[in-house]
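Let me begin by presenting the structure, written as structure tokens, before commenting on it.
When the chains are written out, they are named A, B, C, D and E in that same order, and each has its own residue count from 1.
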Amino acid sequence: MTDPLLIFDVILGLAIVALAVAVLAMHDRFAMIVLFIVFGLLSALAWVRLSAPDVALAEAAIGTGLTGALLLTTLHHIRATPPAPVPVPAGAIIANLGLCGLIFGGLVVAFLSTPLQAPGLALPVAQNMEASGVAHPVTAVLLNFRAYDTLMEVVVLLAAIVAVWMVERGTAQAPSPVMGEIYRGFARLALPAIVIIGTYLLWVGAYAPGGAFQGGAVLAAVGLLLLLSRLYRPQPAHRPLARLGFVLGTAVFAGIALLVASGGRVPFEYPAAHAKTLILLIEGMVTISIAVTLAALFHGREPEYASVSENHK
Amino acid sequence: MNSGLIFGLTGIAVFAIGLFGALVMVEPLRRVLALKLCSVGAGFLLVVGAWQAPPDMPDPVPHALVITGIVVMISATAVALALIRRLHSLERASDE
Amino acid sequence: MTDAPLLPLFILLTSLGIAPLLFALPERSAGLRTAINLGAAGLKVALVAWLSWKLSQGVIYDLRFTVLPGLDFNLQADPLAILFIALSAVLWFITTVYSVGYLEKGPHRARFFGFFSLCVGATVGIALAGNLFTFLLFYELLTLATYPLVVHRGTAEALRAGRIYLIYTLGGGLVLLLGTLGLWILAGSTDFVPGGILGDVAEAAPLAAQLLFLVLVAGLGVKAALVPFHAWLPIAMVAPAPVSALLHAVAVVKAGAFGIMRVVYEVYGIETAQALGLTAPLAAIAAVTILYGSLRALSQDDIKRRLAWSTVSQVSYITLGVALASPIAAIGALAHLIHQGLMKITMFMAAGNLAEGLGVKKVSQMNGVGRAMPGTMAAFTLAALAMIGLPPLAGFVSKWYLATGGLEAGQGWVIALLLGSSLLNAAYFLPMLHRAWFVEPADAAPGGLARRRIGWMLAVPPIATASLVLIAGGLANAPFSPLEWTRFIVALEYPQAAFDDLPEAF
Amino acid sequence: MNDLPTLDWPTAVVFAPLAGAILAFAWPRRAAGIGLASVLLTTAAVAALALRVLAEGAVVTRLGNWGAPLGIDLRADGLSTLLLAMTAGVGLFVSLGALDSYAPARADERTRRYFWPLWLLLLTGLNGAFLSTDVFNLYVMLEVIALAAVGLTVLGGGREAVRAGLEYMYASILGALLFLMGVGFVYLELGRLDFAGLIAAEPAPALTAALALMIAGLLLKTALFPLHFWLPGAHANATAPASALLSGLVVKVSLYIFLRLTQYMPLPDELLVTLMGTLGAGAILWGGIQALRAERLKLLVAWSTVVQIGLIFVAFARAGQVGLAESWKAAALLILAHAVAKAAMFLSAGRIKDEVGHDRIQDLDRSPIRPTLAQFTFALAAISLIGLPPSLGFAGKWVLMEGAMAAGYWHWVGITMIGTLLSVAYFSRVLAGFLRFDRLRTPVAEHQGWALADTAPLVLALAALSLGLVAAPILAFMEIGYPFGATP
Amino acid sequence: MVIQILALLLIVLGAFFFVAGTIGLLRFPDTLCRLHALTKADGLGLGLTCLGIALLAGSAGEVSRIVLIWFFVAVSSAVCGHLIARHVRRSARASTEGS
């Protein structure tokens, strides 16, 4: 109560909730997405307040930045048709409002009756940090203790790009906005800096907030810049390389996880002497895959030869 | 009152708002955003579960989980958006 | 000990095993199909003969393996089973010959004979089932195998009939499933054991046992066409003649009657059933069915429909004999299981021949058909007279035993019932015979008696079965006659009963 | 001294399809060959695992050698292994069927290229979920499954398929997020995520909330009435092998997790159990009525999935809360039965559609003079789904009704019987169509395809039909390693 | 102490310009005006704030990072402003041509 920052927290919390409502209530779709981006950034801020800088970074870069870009490019595609006004019956709204209110109330009661001091896994993590090969606990959890989860997370990303390439096909793409020379110049200027920042984030993850996902997201921004500035145009001939990029992280990650299982070790049990090297290797490859995949998700469809693409009547 | 409490309630509220949106909204993009709100709400709860009043260090495990959750969510979002784009072009093709 | 412990399984496989083969055979390979059919049917008759021989030598066949915890799939060759198998084996052979002739040019022969074999296989399984659970498996298989036969013609009418058939029989199967489950939970076993397994339960929870009986009989009564579950049977007449013959004589209705027999004798035990007061209502239902079926038969003009209603009536003789709870009536019931099969199959094959050879499908068209098809009509006449109960034909034997049994059990009304029923039988059969033999064809209407030659494969089977009717009645007391065999069985089911006339059977 | 990597079967079961997915995606020209090889390898790994489980009891792999709760354990007990085997078996035969369905003559190149990586990713997710012992890991697996499944749903690429796929996507993500929120409450209360932690937990409001959220999410994903709205469209509009996988396998994962959670978490009180059974009953009735009204074959089959899921929940609830320790086995048996039979049915429905050129139930008689193998297969699968002996569906229904009767829950017996009659009614619409012969038949050209296309579903249907005869060993197998802590 | 007061003043001044820019964003009638308010005021606000924070920084490394942040934000806001203005002009032209 003495901490003035708590007042800040309350205001921040209220702002986040208000923005959440506004996102859904905003009529204009572009404004909706902008508000969502603001919402995401404020959420990241809240997570900084909760001493979770890694999460905040990831949310800002991936959950908000790249997601926002994805939403905007999709809006650009579909803006031609304004949303058909489908009237939702008032009864349904009221019923769902009641339902969600009930759920909210129930969850609040459950939350308030739970003391926020569960022992958690902080202690076992701290005890095993030595053996993990890295100095930053979150990275240790991601790449070592719960490496299996992280592998599967990369698999989800792989599944996403496979599915997106599957779904979108040779339909005429809405022309992307022409950004012009100044933008192109900016891209040329920014690219090396972003690469450096991304790599730095990856590297610093071993002992401080940062890591493969944050770094990968920043590097994906390189891809976005390249695509938007038309400095790079995806070519069908680049597909094999792109596929390699998509699967690289998963393949190396899974491969190392299996290959270390010798001499009595189980999968994912990195030999102590090489743990740091292996983790860094995995992180590096995963970063590449994340960057390439996220950029490809932004681009959407698979670049195809004209003959392959289906001809629409 | 502490930060954990405040943001825990914030997270639950955001989750409930997202849930409402996911159930009621009809417009494709808005439904995707509603789902994203749900995921942020769940992220709040996990981060709050990790939180310790400073100067104690927070539990790193939920942080890792939320990062995973964020990457999973952008993957799902990307697929949903691709479907929306595809459906849009198919419908436009059949309208013409 | 036995040198061929899997013999019952082989018998089962002679029908079930060839079904896939028949399905796979190209439509045009008629010769090969007939060879397989007749070969398997012949093999089966031989195997059944061997099995009966072994059994009379005291060899026990008991095959089982566990399907669900505590529940076995169980094949058991007991005398009652042999009785039923022997009937189905012999009649299958004859019907197969008839079917080959009947369907010579028709479509879907591969399908027909495949399901036909499955149907007979299911009948064998029902006969050999060593517990109610196994019985249920084959009971349902029988439904599934007969449905395509009933709708074989594929017309809208056939499909409608098939739908009704399916709803009735699968509904019945579901009720029987319920009953089987109830038995399993009440008694912890579903085995068929002479003398029954429910004695203790019946004492502890008589109401539960009575309810269970109701459920079981309802489930079985559908196939046995007991009133009020009989409606499907006349409707199923849209099936081709050999199918009707098989359904009515051997497979479906008999499966129901046979099941009631198993339930009363080997699940409850006749004493327990009597003590629970279950036999009297069963007898009453059977009596109602007998009369109702006969009455409805009177007004049918369609030959097959008249025969079908007659079946409703006649099959309930079996139930009646079981329900009278007298050993002599039981002999009558078992004998009737065989005799009714022989008589009814003869009549249906004859009816089929009339339709094939003369295009006659209605009673009113039967004028003078006796002269057009003397062999067929002779067989028909013999069977019809046997049905009415003319001594010394097969029907008389069963009715005699039923009546005596009724007297023995102190149920004098049975005599009246049998007399009434026989009168009704005469009332609906004699006019047919009269028209066939003594009325001139009204006119030479187109299609009226336009003859088509029917092959020997159609002509011979009814005559063969008719001779069996004659033999079964005339030589009823000879060794290995159906009647003798039934006495042997009844001795097992009524172990304590004293029979004056039994010793001579052994 | 052995420096060669040692093979760990649970890991192999997850990694074999993953490796296949990576290769098949990276090398699209060889996707089919790689895919089939990988499915075969997975099947072999599952077989090896099953043998070990049979011999030694539950097999546990502590990934990274940290051990739960810090690390993640994979655990293969009887139930897991049974479902793995189900997935492998169904998957193998669907893969064989897919070789034909997506053959060059019949599908475009894109469909052919993308089926395999998506299906192998799906298989990775399925296997991972069955082996998982960690609720967050389950969430990630659910997402792997969801994305791959959505990809498979829209494989055909038609407008209806994409629309249904989008609807499916929303439902699937929302379900997963509800689950994730539940995971948040679990961690809030317990500070750990492994099953052992859940089992040891005392009842608490946060756990009640967690269970409610997770169950809500799972019910949405598994399409229990009234949360089934997304299923018929998605399953009916996908291509046949994809439908077979979606209906046969994908909805089973959330059912499986549901069974696990209700075993492990404190609670399931009588109210919850009754509610599940009631919703199941609703599914049976509503799904049955919709199936009776369906005009297209695949739609009818999809509605029958809704019905069958309802039946599985009735099996779960068959003997109330006290019966839960036994009832899960009935549910598991029905899961197995439905998976095998429904996969066969969707594959054969696809073949029938190929043969006849459409799948309007009204006009099914315009088919070849001889009932084709596909029609036979459909009928056999229907027998299992109706629950007629000796099928696995019958065994499942027997166990269901046995437990319900023994516990005196007659209403569950009643609804099962009604469900059976309804399924007879709607399947007989189709079967009658096969046998109908009154209209002019359009001759249908001899099918040019590979015989494999018909035999794969036939084998599945025969398996569904005959596995009922070995229900006792199956029931014994699924009890290996039960309850959770029984083996170290 | 003096440095801290100076830093505080700079930051407060920076915040004032941000607020002014935001008010401009909300109150001005059309996009170009809004853009004008936003880029100008925010650029100044950003510079002042960065300067203030830089005064408080403990090491040269931190200062250099703050400078980098200022640089990148300045460049990207300039580019953004340009892009938005371009877009406005083009769409205005498109709409006049269309009508």
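Definition applied: a contact is a pair of C-beta atoms (placed from the backbone, for glycine too) under 8 Å apart; a residue touches a chain by one contact, two chains touch by 3 or more.
Since we're looking at a predicted model, the values are computed, not measured.
*Asks:* Apart from chain D, how do the chains cluster through contacts, with nothing moved?
*Replies:* Groups after removing chain D from the contact graph: A, B, E | C.
*Asks:* Note the shortest touch-path length, in steps, from chain D to chain E.
*Replies:* 2
*Asks:* Smallest number of touch links from chain B to reach chain E?
*Replies:* 2
*Asks:* Which chain has its Cα centroid closest to the overall Cα centroid?
*Replies:* Nearest to the common C-alpha centre lies chain D.
*Asks:* Which chain maximises the distance between its CA centroid and that of chain A?
*Replies:* C
*Asks:* Based on CA centres, what chain would you say lies at the far end from chain B?
*Replies:* Centroid comparison gives C as the farthest chain from chain B.
*Asks:* When the contacting C-beta pairs are counted for A-D and for C-D, which pair yields the higher total?
*Replies:* Most contacts of the two pairs: A-D.
*Asks:* Using mean CA coordinates as chain centres, what's the gap between chain A and chain B in Å?
*Replies:* From the centre of chain A to the centre of chain B is 11 Å.
*Asks:* Can you check how far apart chain A and chain E are, centre to centre, with Cα atoms defining each centre and the answer in Å?
*Replies:* 27
*Asks:* How many angstrom lie between the CA centroids of chain C and chain E, rounded to a whole number?
*Replies:* 97
*Asks:* Out of chain E, which residues touch more than one other chain, so two or more?
*Replies:* If we look for residues of chain E contacting two or more partner chains, we find none.
*Asks:* Which residues of chain D are in contact with two or more other chains?
*Replies:* Expected reply: 136, 140, 143, 147, 150-151, 154, 162, 165, 181, 185, 187-188, 191.
*Asks:* Spell out, as numbers or ranges, the residues of chain B touching 2 or more other chains.
*Replies:* In chain B, 15, 18-19, 28, 39, 45, 48-49, 59, 61-62, 65, 68, 72, 75-76, 79, 83-84, 86, 90-91 touch at least two other chains.
*Asks:* Any two chains that touch count here, so list every such pair.
*Replies:* Every touching chain pair, ordered by label, is A-B, A-D, A-E, B-D, C-D.
*Asks:* What does chain D use to touch chain C in their complex?
*Replies:* Against chain C, chain D makes touches at 365, 369-371, 376, 383, 386, 388-390, 395, 398-399, 401-402, 405-406, 413, 417, 420-421, 424-425, 428, 431-432, 435-438, 468-472, 475-476.
*Asks:* Could you pull out which chain A residues touch chain E in their complex?
*Replies:* 177, 179-180, 182-183, 186, 189-190, 193
*Asks:* Under the stated contact criterion, what part of chain A meets chain D in this complex?
*Replies:* 106-107, 109-111, 113-114, 116, 118-121, 124-125, 128, 144-149, 152-153, 155-156, 158-160, 162-163, 165-167, 169, 240, 243-244, 246-247, 250-251, 254, 257-270, 308, 310
*Asks:* Taking the complex as given, what residues does chain D use to touch chain A?
*Replies:* Touch list, chain D to chain A: 1-6, 8, 11, 15, 18-19, 21-22, 25-26, 28, 61-66, 69-72, 108-110, 114, 117-118, 121, 124-125, 128, 134, 136-137, 140-141, 143-144, 147-148, 150-151, 154-155, 157, 162, 165, 181, 185, 187-192, 204-206, 208-209, 212-213.
*Asks:* Note which residues of chain D are touching chain B in the complex, please.
*Replies:* 136, 139-140, 143, 146-147, 150-151, 154, 158-159, 162-163, 165-166, 169-170, 173-174, 176-178, 180-181, 183-185, 187-188, 191
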